[in-house]
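Look at the two complexes coming up: subunit A is in both, with subunit B in one and subunit C in the other.
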Partner chain A sequence: MKNIFLIIFTIVIVLTASGQNADLVYVDGWVDIRSGGEVYEALPGDVLRAGDSVITSSDSIAELEQKDRSKIIVKPDSIFTIREIETDSGKETVLATTVGAVSFKFGKLFGKEPILATPSMVAGIRGTELTVYAGEDGSTLIAVDSGLVTVESMGVSVDLVKDEGVEVLPGEVPGEKFSLLGRNLDFSSWNAEKYEDLIAEPILGLEHLGKQLGEYIKKIDSHNDLFNNLKSEKEAAKEDLQKIIDEKGKDQGRIFFNENIHPIDLKTNRLFLNIRYYSLSSLSFRRYILGRLYLDMKGRFIMDSKNPEYIQFLSIYQEKMSLFEDKVVPFLDVNDI
Partner chain B sequence: MYKRVFLLAIIAILAFIMSSCGAFLGVSIEDRITQFESDLNGNRSNIIDNFSESCDDYPGMNTLAYWNDSGSFDDDYKNFNITIPSNPDSTFTTSFSDTSGGGPYTIKFYLIDEGDFFLGENWRIRNIWISDTLYID
Partner chain C sequence: MKKIIITVSVLILLALSSCTTMKAVPNEKAIERFIELYNTGDAIRITEMTSIPMLIDGEIVARDSDADSFWNSLAKAGFTLNGTESYTVEPLNPKSSLYFGDSMEVSTFFTKYVPKTAVLVRVEGPGGDFILLLSGRKGPYPFIFGFTGPLL
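Up next is the complex of A and B:
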């Protein structure tokens, strides 16, 4: 009996420790998967791996299932990505909704619960059923059906329980939480309203989106600073190593390297992967949120390209893109695009 | 008589198809580790091909900068030499050395077979632990 328990325990450990890939179990309409630089039609049976995105169109949905039986429903006009990040408490899975509506029903996870993310917030969850709406203006709306969700944005957290929701505007702290009872949330109209607000004041909207991009860049910078500090530490240790080799010989040098430089190498590896995580998140934000606004503005002002509002928009947009080029692009690769 | 000749011809054709399709020419565990070692020491542009796309770190490490500038496989270190045991299992622990001045380090590999009937075995690296630290997940 004890052995059976041990076997079951081991299986659960293996299942939860083997990454957070998701199987595509149902597709209705045309759904794409973006994997690396390739985009292909999604079919039931496909496996979504870390870094892959599911992209639904206006009349399609996709249902994903994880090994712990968690269900993820990607609703029409949505982009959903699974990512991985290293935190102080170890590796975390991030289920990112860049734009659109995604419903989650989490199973009884044995290991760590995933983090949910949109361009404007991150959320920690506990045994939860919820829907995340990520608007084309970068806003987020979270509606909780059961369990506990902690939503965090710009350093401020809000706890949500059953039948509660909260809206988070890009670059802002979470708004006041509200009761979902008696409210019928409709993503399409919410998103349309949000986008109309954005396009009515495009310069203000772009400033807010720029603030959000700035948050990603701050994270890249802070990880990059740590990375560079470790590299400097390593360079200094390499100078000491040379002295030790000269004075005490290669064997002592080897001991010094293994105790002082090798551990730095192991740390820089994880830091680099975190820099890549925030760089890839910034790329999604630029591609699907900022890029959409830019194209829309270009279309609206095609016959009036000297319009002062449009010229001001372009100037701010160029400023944000220069920042993106300077701070994010160095960590991207041709495979990401 | 004709029946027997026909049967032999079919078997010969099947054997030819199987061998030409790679059923006997797949990538074994030894082949994969040898290729990985060779890529570390040579042109690193296709080094990612040694890894399964199911690696959680795959998007992060799908850039040359990761391989050249971030840790134990830094391109400052040369002559990577991975000791490959004979008939290794899908998970095996061994050691590697390089010109860094330290080591040899223990390295553990976990590989998965992503081959199929037609292409034969095609082992790819899923995890690497270096000095008991999970290095690639």
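Up next is the complex of A and C:
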């Protein structure tokens, strides 16, 4: 009986896990896959699992397909990652676009529908065809071709239907939604315009980006507090367990373990998954959005490194990086770098 | 006979120039050629000689386009390194990463991505000294793995 339960449990796990995979079905140009700390050339037939990223260059694209025939097109100069998070309804797949443009066409999904994320928003979807644009300034633009999308940022949600779009700035609530009819969205010019705005006022821009990083850190902190509380609870329960085994025997101990310690283990595992989710999201944000701004500023002021504006920028940047080092780095490992 | 020798020599030279390795200690000539190449402002060629991921100060650059954009911005600013005679070369040591920053990311970068054959080239530039982290070779030039400065 125990074996049958184990087999069923394993099958459920395998089915759940395989639902999160995506097959690389088409590659045009040079595309990288980053997986488990290694980077290698993407080729059709490769399988992406939770934690893996697809990185396209300025002249390459990649097409992914999931088992339910959902299609994901990663457009040039984009970084797309499959992640996992625990929500109230269990483990969910997050399809994250850090920078660049990614189009999604979801089929009839078996089980839960994935969550879409960019540095500045998360979106829930239902039977949807849409494109997510993640700008190098941390902004997001979502354009819906069909279905329903709920975009959430800083605790505020906006529902989008066919031919509607919305822009979300980093660290801000979603903007006014707009009609896509008669508008020709061009990611390159939108991205260039957003980035020009950022670089025109880099200190203000850095403050906005810092706010977004702060949001990730808040989530890491709150999950970590719960995690530490559970760890203390578990330590106390382990002492009780030993007393029960000593006084009432192993069978009573086993019952106590199943009722009191095992549920704590499940909760801590879920919390740890979420801490990792927000830590990895912070790392991507730091690497591709904040890092890009830093490089631009360094290039701009390389001949004038004593410029007061640059010195102020560096001081704020250093402050953000210290926060990152204190709050995020403890949850990263060498494979993430 | 002369034709055969010339043809063979040309083929050997071509083969040598197309050899690529990340793990070779750059010699003086290669370092000087790299500084000269850098000073031409040929950002495309410098990007080709950039090993990705690359380290710029404490930042890990993981995209070719970001490296390309950085080299272009330096070229646009007119940034050059002073001559090929006043540089010093330091082999890697356990404290080398501190030139770039004192963070987990920087130390991991050195452990994970920088070959043991890399050298730190300290060269004068506008506002102070700069460090080039070089290793390997493709044709006449070494690859660049890191760039930082001006040093305080």
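The definition used in the following text is that the second predicted complex is superposed on the first by the 298 of 337 C-alpha atoms of A that agree within 3 Å, B and C clash if a C-alpha of one lies under 4 Å from a C-alpha of the other, contacts with A are read in each partner's own complex, and residues count from 1 in each chain.
The working rule: a residue touches a chain if its C-beta (ideal position, glycine included) is under 8 Å from a C-beta of that chain, and two chains touch if they have at least 3 such contacts.
Keep in mind the model is a prediction, meaning the values are calculated, not measured.
In the superposed model, A:50 lies in contact with subunit B only, and not with subunit C.
Contacts of A:84 after superposition: subunit B is touched, whereas subunit C is not reached.
Of the two partner chains, subunit C is the only one touched by A:294; subunit B is not. Looking at the shared chain after the overlay, A:305 reaches subunit C, while subunit B stays out of its contact range. Among subunit B and subunit C, the chain that touches a larger number of residues in subunit A is B.
Looking at the shared chain after the overlay, A:253 reaches subunit B, while subunit C stays out of its contact range. Of the two partner chains, subunit C is the only one that A:325 touches; subunit B does not reach it. In the superposition on chain A, A:180 contacts neither subunit B nor subunit C. Residue contacts after overlaying the shared chain place A:237 against neither subunit B nor subunit C. Note: residues 332 of subunit A belong to the subunit B contact set and to the subunit C contact set alike, using the contact criterion stated above. The touching residues of subunit A, when paired with subunit C in their complex, are 37, 55, 57-58, 77, 79, 287-288, 291-292, 294-296, 298-300, 302-303, 305-306, 321, 325, 329, 332, 334, 337. For subunit C in complex with subunit A, the touching residues are 56-66, 69-70, 72-74, 76-79, 103-105, 108-109, 111-112, 126-127, 150. Listing the residues of subunit B that touch subunit A in their complex gives 48, 53-66, 69-72, 74, 100-103, 105, 130-131, 133, 135, 137.
Subunit A makes touch with subunit B in their complex at residues 19-21, 35-36, 47, 49-51, 83-84, 91, 93, 227, 241, 245, 250, 253-254, 257-258, 261-262, 265-269, 271-273, 276-277, 280, 331-333, 335-336.
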